[in-house]
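See below for the structure under consideration.
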């Protein structure tokens, strides 16, 4: 049902839902939000990759989870050598974990399966500034192409016996690799611009026209907004 | 009747070095002109300067009877010349195939509906209508080549300029491509290292060599070859 | 004496789809094995899995008598196998030619001075010593191909694996390349669509077709061809 | 390392970041005329790809940020380019970070733009390779340090509970500074030899 919804609605709903979650302050409501997010993922049809994404934590998030229990003041619940873990600190770490996970799940459920290369018309319809939108579309179009180029270059390095280590040869070689990727990217940029000129481009980028919104789309929007308002209200009362 | 493309005594330099000089070239309606020559001779450079991407240093370029020297003048002529680039990845810049194919017609002032219709027609003409909604950069090399060509056909150009159209195309897609080019009613300038392809399609040939463009002839005669051949052991 | 390369019942998948299965291949010292087959048959994939860039799904790969399955094991064998990629642009990444050619020897533990010396020697062996200080990115297609090959020769490998070595190479550079390969004392695996080149160089051939690797024979006999040829008008 | 997910920062920090980011992106877009969009977009894609490479530094390895380099090559267009890259990461990798897009854009782009504007002219005019390498390395290292400080500040401003974490966090940026300095120097050296034009901001 979500996969068939209008991409405009999905993007706006995701933004509102995540904004609401980010402002939660209490543990039980955050847990409820997390449960709602799981429900949403199930409705959307869970993707196996999603659970891997959940395990991906940024370095400093890990730092946050590890240090918060020991650095925040409060009743001590456990000691680890000279360190004392407070219950307030542990609650705070749990709160953050729930909110971050709920956000990641919500985003995955609502917009995780949209191909960035197809977002041009959607962002255009959402009145995103024209130049920014074209920059976005162009970048999305070329990321995979350039990634493949970079992959093949680094494979050629491996095939010639390269092994990375902490030394100048490695840093210089990686510098060459990224430098070559950039130089080739610049060449390509020039030729792409020429290809556009050759097909009569005169500064007006044509976007596909999106179909009108259906009742189904508005219902999705309304339910996401209602959930957002509900959890925020519960949180503050 | 005026020639479609007419170059008189054109000189072209790249990065300061003269690549071609004294180039005379005329393309008449219905002609299929092959340009052949070694690597780095300047074939691609010549095609680029015909559509004004590479400024000519001297001489005159007339497209469809009109003198072209400024970007403005070239811009008017470009939609009538479909230029297939040597590398397909440079030419497919829209996310989906149909958007890419409709890009030319849209620039020529078609409405979105008309442009899509012309795009679909061009794709179907090449037998690849089923690719319309695909993401363009996830196609195979041969499919990309055909989509680029469909993008040109959708503009309904008077002249096609093809820079190594058979590059990276496998047998099946190659057959479709040849058929489509055979059926194209307009004139054509063709760069290719694939002699069989050139022999089959071209009506006239010129050779780019040592900075010059020289007329060539296409003969037909029999040869006796003696060489080693690879056969499947089970043959 | 053990074989240089020995594949037993190897299966290779790419992006989930099986490309090759039940592959048996043995390369002995002094052999020049040609792999031929249509676009997308899996020739490049097979070469990549021999050096461990594409993990084999099943079967065993032995290089120089040692079983290879982990990245570590392949890493030890790679400097002894010079792999020429299908696209030269994917292989040249250092700013100047000499740096690129010296990259392999540097990885093998040579000092900078030794590596440069071996690089210069390899370039001169191919008759392109004059390119040493050029920016690698700005070479012509044929020159790039020869520089890539020099980068492999500088590692003094026991086996060369060449993926379409004559791609985009013009006549003059093609002659140098053939000569250098003729003179190379080690063994060779050769992928090419250029039948003349294969016929001239290979001692044995195999065909990749419909997911299988099949032995082939090389015959010699005469043919009569009839086709159209392009001649310079002045010839 | 510089990417703050949703659900951590307070509303004032989110809004403040959003406002500064909007100003920076707006400025960048004004410098980005039609002809420059392919160049900026494809460069942004290349830098995005470059930043996926993990470089060994001592016992650990770091992912590059390359924002100093972006500043040198793109000037103020770095703001929209970083925003595009973050948006793509959100969509492609599902790390989250939709509400923090503004803050993250500022944290990542601002130091690169500032240090490249200060040292860029000297890099382009540098007479010898060593001087150029040192300056480029400096831009790389300072941009990373700036990003580290801004990330720490975003956390500390959101809640005083985060202050201890924020100070530990800055220490974790040191290896990245080292790696980034060497790599930026190497890339700038490469570009100066192969394509010196590339060191001029896309918008000029």
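For this structure, a couple of remarks:
Per-chain residue numbering starts at 1, and chain names A, B, C and D are given in the order in which the chains are listed.
The definition used in the following text is that contacts are C-beta pairs under 8 Å (C-beta built on N, C-alpha and C of every residue); 3 or more make two chains touch, one makes a residue touch a chain.
Just so you know, these numbers come straight off a predicted model, no measurement behind them.
Of the two chain pairs shown, A-D and A-C, the one joined by more C-beta contacts is A-D.
The mean-CA centres of subunit B and subunit C are about 31 angstrom from one another, to the nearest whole unit. Centroids built from CA atoms put subunit C at 41 Å from subunit A. Centre to centre, using the average C-alpha position, subunit A and subunit D are separated by 18 Å.
Shared contact sites, meaning residues of subunit D that touch two or more other chains, fall at 38, 190, 194-195.
Those residues of subunit A in touch with two or more other chains are numbered 137-138, 140-141, 145, 176-177, 179-180, 183, 188, 192, 196. Residue numbers of subunit B whose C-beta contacts span two or more other chains: 93. If each chain is drawn as a node and touching chains are joined, the picture fits none of the line, ring, star or complete shapes. Pairwise chain contacts present here: A-B, A-C, A-D, B-C, C-D [touch as defined].
Taken in their complex, subunit D has these residues touching subunit A: 1, 3-9, 11, 14, 25, 29, 32, 34-35, 37-50, 52-53, 55-58, 64, 66, 73, 80-81, 83-85, 87-88, 90-96, 98-100, 151, 161-162, 164-165, 168-169, 172, 179, 182-183, 185-187, 189-191, 194-195, 198. Contacts from subunit D toward subunit C in the complex involve residues 190, 193-195. Across the complex, subunit D is touched by residues 14-15, 18-19, 21-24, 50, 53, 56, 58-61, 63-64, 67-68, 71-72, 92, 96, 99-100, 102-104, 107-108, 111-112, 114, 116, 119, 129, 131-132, 134-143, 145-147, 150, 154, 164-166, 168, 170-172, 174-183, 185-186, 188-190, 192-193, 196, 203 of subunit A.
Contacts from subunit A toward subunit B in the complex involve residues 115, 117-118, 120, 137-138, 140-141, 144-145, 188, 191-192, 194-202, 204, 206, 208-209. Per the touch definition, subunit C reaches subunit B in the complex via residues 34, 36, 38-40, 140-142, 168-173, 195-196, 198-200, 202, 205, 207, 214-234.
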